[in-house]
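We call the chains A, B, C and D, going by the order they appear; numbering starts again at 1 in every chain.
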Amino acid sequence: MSNFTRRGLLKTTAIAGAGLAMPTLITSPVAAYTNAPTGGSVTLGFNVPQTGPYADEGADELRAYQLAVEHLNGGGDGGMMNTFSSKELKGNGILGKKVEYVTGDTQTKSDAARASAKSMIEKDGAVMITGGSSSGVAIAVQGLCQEAGVIFMAGLTHSNDTTGKDKKANGFRHFFNGYMSGAALAPVLEARYGKDRNAYHLTADYTWGWTQQESIAAATEAKGWNTVNNVLTPLATTDFSSYVAPVLNSGADVLVLNHYGGNMINSLTSAVQFGLRDKVVNNKNFEIVVPLYSRLMARGAGENVKGIFGSTNWHWSLTDEGTKAFVKSFGEKYGFPPSQAAHTTYVQTLLYADACERAGTFNPCGVAEALEGFKFDGLGNGPTEYRAEDHQCFKDVLVVKGKENPTSEFDVLEVVEITPRAQVEYAPDHPMFAGGNLGACNSGA
Amino acid sequence: MGILEVNNVNKSFGGLKALQNVNLDIEEGKIHAIIGPNGAGKSTLLNCFVGKLVPDTGTVMFNGQSLLGIKPHEINQVGVSRVFQTPEIFSELSVFENVMIPCFAKRDGAFTLNALNRVHSEQDIRERAEEMLVDVNLIDKRDMIASSMSRGDKRRLEMAMCLSQQPKLLLLDEPTAGMARADTESTIELLKTIQERLKITMAIIEHDMGVVFSLAQKISVLAQGTVIVEDLPENIKGHPKVKEAYLGEAQV
Amino acid sequence: MKSLAKSDKRTLLFVIFIAIAAPFLLNPFPEGSAMAQFNAGYPDLMQRFAYFGVLAIGFNILFGLTGYLSFGHAAFLGVGSYSAVWMFKLLGMNIIPGLILSVIVAGIFSLLIGYISLRRSGIYFSILTLAFAQMSFAMAYSVLTPLTNGETGLQVYADDPQVFMNENSIAVPHLFGLKMQDTFTLDIGPWAFQFNIGYYICALFLIAAFYMSLRIFRSPFGLMLRAIKTNQTRLNYTGINTRPYTLAAFVISGMYAGLAGGLMASMDPLAGAERMQWTASGEIVLMTILGGAGTLIGPVLGAGFIKYFENIFSKINETVLHGWFAFLPDGLENAIVWVLHFFVGKGWHLTLGLLFMAIVIFLPGGLMEGAQRIGNWWKNRRAKGKTSSAKTTPAE
Amino acid sequence: MDALLLQILNGLDKGSAYALIALGLTLIFGTLGVVNFAHGALFMVGAFCAVTLQHIIGLSKITIDPTKVDFLGNPAKVKTPYVVEWFGESAGMTIIDWAVPLALLFSIPVMLLIGYAMERGLIKHFYKRPHADQILVTFGLAIVIGEIVKTNFGATEIQVPAPDSLAGVSDIGAMFGMGAGQLAYPTWRIVYFFFALGIIGAIFAFLRFTTFGMVVRAGMADRETVGLLGINIDRRFTIMFAIAAVVAGLAGVMYTPIKPPSYELGMQFLVISFVVVVVGGMGSLPGAVAAGFMLGILESFASMNVVKSFFEAIYLPSIDQIIIYLVAIIVLLTRPRGLMGKAGVMEE
C-alpha cells in the first residue's frame, strides 16, 4: 500500500512540476463555443429515462435517436430526410462530420437528468442534448444547457412552462403543450358531447398537472362547459378509487383525467371499474376524457381506453408521406411502429442537424438563429413553424380516441380529427405562458 | 439516620402485589444484604431505587432527597450505582473504554458536548480508569473487547465501572451469581477491601448465603413483598420467621 | 493536527492526497481509448463524490456511532439545497451565504425532527424519520411549490431580486469571483485532466468534514455515542443522559447533510424535490452500510461507489459495447454484447442490486473490509517477500 | 352518508392489500427476525404471476391472413389462442377470461418455490447479521427482482382484467335496503376484500389451531427455548417464510385487476407496508392487520373533498399527500410500540 502511495506521489509531483514549468499546457475553455467539435465527428447527447416509470418511452426515444443518427450518417433508407422540406441534409453526417452519440439515464428525476446531461457535456463533449419524458426533467435540463452553452432539443414535454415561464434561448420544443391539447380537444368534445356538460377534473398534484388542468378547463369552459370540481391527486397514488368514487354522485357527466403515465393508467382503470362509462347522468352518457394520450400508455390501460378522447402530437397511422417514410424505416428496423415520443425525438434530431447545416456551424447561437422562425414540412405534422418568440413548434394537433376494434396490439388509437394550427395558436404573451424570459443565447464562450 | 430510607413502599403489577409496605433503612458505610426466596420482590425493590420502576405509594429517600420520579441517570448522578444480575457492560467497546465512560460521567455530568477533545489526552480520566482496572485485576486485559471476556471478568468489569464513580451507595444484584468458587472468593475480597478503603455503602441482593454472611453487616429478609425481619447477621441465622419463609429452600 | 494520533494523521493525509489528486486518479485511461468510458475525472462526478462524501460522513456520525438508523436524512439534504438556492435568488451568486444558511436551516430542521423522533428507538425511530421526510417530500412536490417550484425544482431566474448583484456581477455560482464551473484542462499526451474550481471547493469541505468527524470519533463525545450503540441501559445507569447525546449527533449529522445540500446547489443551482424522497434517504443508508458503517472512510467509499455506478454504468450503451468487442468474431461479439447489455445502460440498476448483495454477502463489513483484506494480503505477501529476499525490500 | 360508506369500502379495499402485505412482513419479522425489504417485490412477483399466466393462456397460433395488412403494408398475422383451438370458442374464451383466478393456483407453487429458495439461499445466512445488513441485501434483491421483471415485461403497466362476470359493479346498496344505484361498488373489489379476510383468517387459524402454528408462535416468543426442546425450528421458519411469500403472492395476483402491475409495484408498496407494520407494532400480527385497515380507511377519508377543504382551512392543505405519515407519527408518539407492539422487538 505504502509503495503504491509513494509511487503515486512521485508521479503527481512530476506532473504538477511539468504543469508549472509549461503553463501553456493548461488550457481554459476559450474555444469559440462549448464543445466545438474538433475531429471528424460530432457528439450528440441522448438523455432519456432508462429506469423508472417512463423507461419504455425512453427506450422508444432511444430507438428513434439511433435511427436518426443512422440516417444522418447515410445509413438505412434515409427515413424522413427524404420527405423533409429542407434538403440540406446529405447523409454525410452534419457539416461533413460523422454523427456519434452518447446516452444517459434521466431516471425521470431532475437531479439525475442534470447529472447525466452534465457528464455528456463535460466528459463526452456533447454539443447538443436532447430527450426527456417529463416536463420537470425537460425544464431542468433546458436550464442546464442554457448555462453550459449547448443546444437543448426537448423530447416529450407537454407542460406549458417549457416554452412559457421557463423558456430558454438555447432550448427548443417540437412537442405540443397543454394549451394546444385543450384548444384542439374542446371543439371536438363540444361537437360530440354537446355544450351543456359538467366536468369533474382529477389532476396530478404537480406543475404539469396544474397547467394541463388550467388549459383544458379554460378551453372547455369557453365552449360552455361547467367545471364542477377539480381534485388534486398525489403523484404517488396507486389506487384512485377514493378519488373516483365521489364522482358518481357529484352531478358531473364528464370526468377529465389530467394524469400521465402510470397515474393515467391507474386512474382510468379505477374509473372504468366503478362503472362510470356505463352511467347516465343528467340524461347524458357519462364520458371520460384523457387530454394527453400516448400509445404506450393507452396500451397499458388496455380495453379501458376504448372510445375515450384525447390528444397526441403524432400517430403512426397518419397517411402523409413523412409519416409513411418514418413508420416504414422504424418498423422495418424494430418490428413495430414508433410512438409519438420516438417521432418527436427523431424529428428534433433532424431539425437540429438541418439547422447546423443551414447555419454552417455548431455554434449554439448560430443554430438557434437558424431554428428561430424556421418553417418546414414533411416531418409528419404538416406545415410547421418554430416560433422565434418562445421556441415552440406550431403545427396541427391530433385528436384521437381509443379504438373500438383494434386489429393489433399497436392499433389502440384512431385519429378522429386533425385540428389545424390556427385553432391551437396563441400569442407569446398569453397569460398561461407569461412570466418567462427567453434571454440571450449562450454559446459558452 | 440511614443513607437510604424506604418507607411504606407498595408496588403491584395488575393484581399481583409485588411489594407491600416495605420499610428499609440502610445505614451509611455499611454493607446491607437483602435476602429472600425467589419471587419475594427483591429485584422489584432494587428497581424502585434506581428509577426503573416507580412505587405506587411510599417514599424512597436518599440522603434526605426523594428518588421517586427521578430519571435513572439523575439518580446515578446523586451517587447511586448499580451492578446488574447479568452484567450490563458496553460489550462492543474495549475494557479500558468501558471504565473511562463512568469516569467521564462522574467528571462531566449527565451531558457535555465534548466533541473536540481527544479521549487520549484526558489524563485524569485515564489515570483513574487505569487505577480502577488495577484494583479489579483487569489491567492486562485493558484493550480487549468487553464481549470477548469471561463472565466472571465481565462482572468484575461492571463492578469496576460502578466503583470508579465512587458512589455513595452501591447496589449489587447477585454479584456472584454463576461465578466459580475462586471468583466468588476474590469478589468478596474485592468488595471488602473497597468498602473498608472507600467506606461505600452497599446494598446486596444475594442467594449465596456464604457470600451474604461473609459480607453483610445487616440483613433484611424479604418474603412475599414484605420485610419480615431486619437484623444483624448473627440474629438472622436460625430466625424462625426466616426458616418459615424459605421452607427449607436454602440452608439458613 | 496536533490533536490527532499518528494513525489518524496518516488517514487524514491519505484523504487529503486522494482529494487533491482525484483529477489524476479518476482519469487513468487516455482520452479516446475504449476504456475512457470508465474515467470518472470530470467535474460533475468529482463534485458529486465530494458532496455525497460529506453527506455520508455526516450520516455515519449518527448511524455509525449511535446505531440510530435515520430513514429521512434526505430531507435535510433537500432543505439545505432549497436554502442555498433561495440565497442565490435573493442575495446573489456568491456561495457563502447559501452554504451558511443551508447549514443553519438544516440544523434547525433536524433539531425539530430529531427532538420528536428520538423519543423512540430502533425501527420506530426509523419510521418516524421516514414519515417526516416523506411528508417533506410530498409537500415540497405539491403544496409548497411557491417555495420549492415543485416538480421542476427551484432555480434562479433573471428577474429574481438578487440584491447584491448588478450588471457586472457574475451570474453563476462563485466564491468571491472564483466561478464554480471554471475548469482548467491539463493535456498530457493523450490524457486530459480536468481541474475544476467547484470540485476543489467541495474537496476542501470534504476534508474539513472528514477532519471534524475524525475529531468527533476520537472525542469523549464520540465515545459516549458509541456507548449508546452498544448499551443504552448501562449508560443511563452510569449517570449519562443519552437523549441530548443522540440529539446532538442527529443535529450534527443533519447539518452535514445541509452542508452537502448547499454544496450540491452551489455546484448546480437547481434544487429538485426528488432529493428528499425516501429513495434518496435510502441511498444514503446504502452508501454508509456499503462502505462500512462506523468506519471513518467507509461511507465516503460507499458514496463514491454508488455515484460511480449511477453515472458511469448508466451511460454504457450497446454501441459502446460493440466498440469494445469489435475485435472479436461477429457471432461471439454479438453474444457477449447481448449478455452484457443486461447489466449496463438501462440495466445499470441490475448491476447495482447484484453488487449490493455480493458485497453484503462476501464482505460483511462493507467495502472497508474489502480494503482491509487486500491490505492484509498485501502485508502478508510483503512479509513473505521480506523473508525470502530481505535485500530487495526497502525499509519502511 | 353514501359518500362516507363508499369511502369506507374503498378504505377496506386498500386496507386489504396493506394488511396482507404487512401480515407477511410481520410473520418474517416475528419468526425470523429479518427486515425483508424484498417483501414488496414478492407482492409484485405475485402480480406478474397473473401476467405470465395470462400470456401463457393467450399463447397463439399465428397464421397469415392475406386479406388484411399490418402497419407496414405486409400481410397481417392473425393470432388464434391455442386454448380456443383446443377447447373451442366458448370454453377457450372462458379460460382466458378467468386468467386471474386461475393464476391463484399457478402462483402458489411458484411463490412457495421462490420463498423457499430465497430463505434457504439467502435469508438464512442473515439471521444473525445486523438489521442494516439485512436491509442492504434484501433491498439489493428487490432491485434485482424488479429489473428481471422489467427486462421481460417492460416498464409500463400491463392490464390483467378480472373475469367478465366479476368485472362490473354490484349494487350493494340495494342489498341493504337502500335505493337502487345508491351504493354501487366494483364487484372485484368486494371479492378482493373477502379474499383478504379469508387469507387473514386462514393464517390466524393456522397459527392458533395447528401444532405447527403453535411451535411457530412459541418460536416467535422465544426462539432459543423452543430450539432447546429439540424441535427443528429452523425448518419451520423456512416454511413460514415460504407461506409469507405465498400470502404476498396471492395478494398480488388478486390485486392485478384493481391496479395494473408494473415492475415498480413492489417499491410502491414497500414503504407503506413498513409503515403499516410499525404502526401496528412490531411482532404483532393482529396489530399489522388492524393498522392496515385503519390506514387504508383514513387514507380514503383524507381524499374526500370535505376533509381536504377542512384541513385546508386549518392550514394543512393536501392532507391526502401526508395522511399516512401523519397518522404514523401520531400513533408512534402516543403509543410507544405502535398499536399492539411487543416490548423489545426491534427497539435496539
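Note that a contact is a pair of C-beta atoms (placed from the backbone, for glycine too) under 8 Å apart; a residue touches a chain by one contact, two chains touch by 3 or more.
It should be emphasised that the depicted structure is a prediction, and the values quoted were computed from it without experimental measurement.
Asker: Starting at subunit A, what is the smallest number of hops through touching chains needed to reach subunit C?
Answerer: The fewest steps needed to get from subunit A to subunit C is 1.
Asker: Starting at subunit C, what is the smallest number of hops through touching chains needed to reach subunit D?
Answerer: The least step count works out to 1.
Asker: Find the chain most remote from subunit A, comparing centres computed as mean CA coordinates.
Answerer: B
Asker: From the mean C-alpha coordinate of subunit B to that of subunit C, what's the distance rounded to whole Å?
Answerer: Whole-Å distance between the two chain centres: 47.
Asker: Could you put a whole-Å number on the gap between the CA centroids of subunit B and subunit D?
Answerer: 52
Asker: What whole-number Å value describes the gap between the mean CA coordinates of subunit A and subunit D?
Answerer: 35
Asker: So how far apart, in whole Å, are subunit A and subunit B when each is placed at the average of its C-alpha atoms?
Answerer: Distance between chain centres: 73 Å.
Asker: Can you pull out the residues of subunit D that are in contact with at least two other chains?
Answerer: Within subunit D, residues 318, 321 contact more than one other chain.
Asker: Scan subunit C for residues touching two or more other chains and write them down.
Answerer: Residues 138, 142-143, 349 of subunit C each touch two or more of the other chains.
Asker: When you check subunit B against every other chain, which residues touch at least two of them?
Answerer: none
Asker: Going by the touch rule stated at the top, which chains touch which?
Answerer: A-C, A-D, B-C, C-D
Asker: With touch defined as at the start, can you tell me which subunit C residues reach subunit B in the complex?
Answerer: My answer: residues 3-5, 215-216, 218-224, 226-227, 229-231, 233-242, 244-245, 248, 252.
Asker: Within the complex, which stretch of subunit B touches subunit C?
Answerer: Residue list for subunit B touching subunit C: 50, 71-74, 76-77, 81-82, 88-93, 97, 100-102, 104-106, 108-122, 125, 161, 165.
Asker: What residues on subunit C touch subunit D, complex-wise?
Answerer: 63, 67, 69, 116, 119-124, 127-128, 130-132, 134-135, 138-139, 142-143, 278-279, 282, 285-286, 289-290, 293, 342, 347, 349-350, 352-357, 359-361, 364
Asker: Okay, in this complex, where on subunit A does subunit C touch?
Answerer: 1-2, 5, 8-9, 11-12, 15, 18-19, 25-29, 50-51, 55, 58-59, 62, 66, 101-105, 109-112, 114-116, 118-120, 122-123, 134-136, 139-140, 143-144, 147-148, 161, 166, 205-208, 232, 234-236, 437, 439
Asker: For the complex, give me every residue of subunit D touching subunit A.
Answerer: Checking each residue of subunit D against subunit A gives 2-3, 6-7, 10-11, 13-14, 17, 68, 70-72, 76, 150, 154-159, 161, 167-169, 184-186, 188-189, 257-260, 262, 264-265, 268-269, 299-300, 303-305, 308, 318, 320-321.
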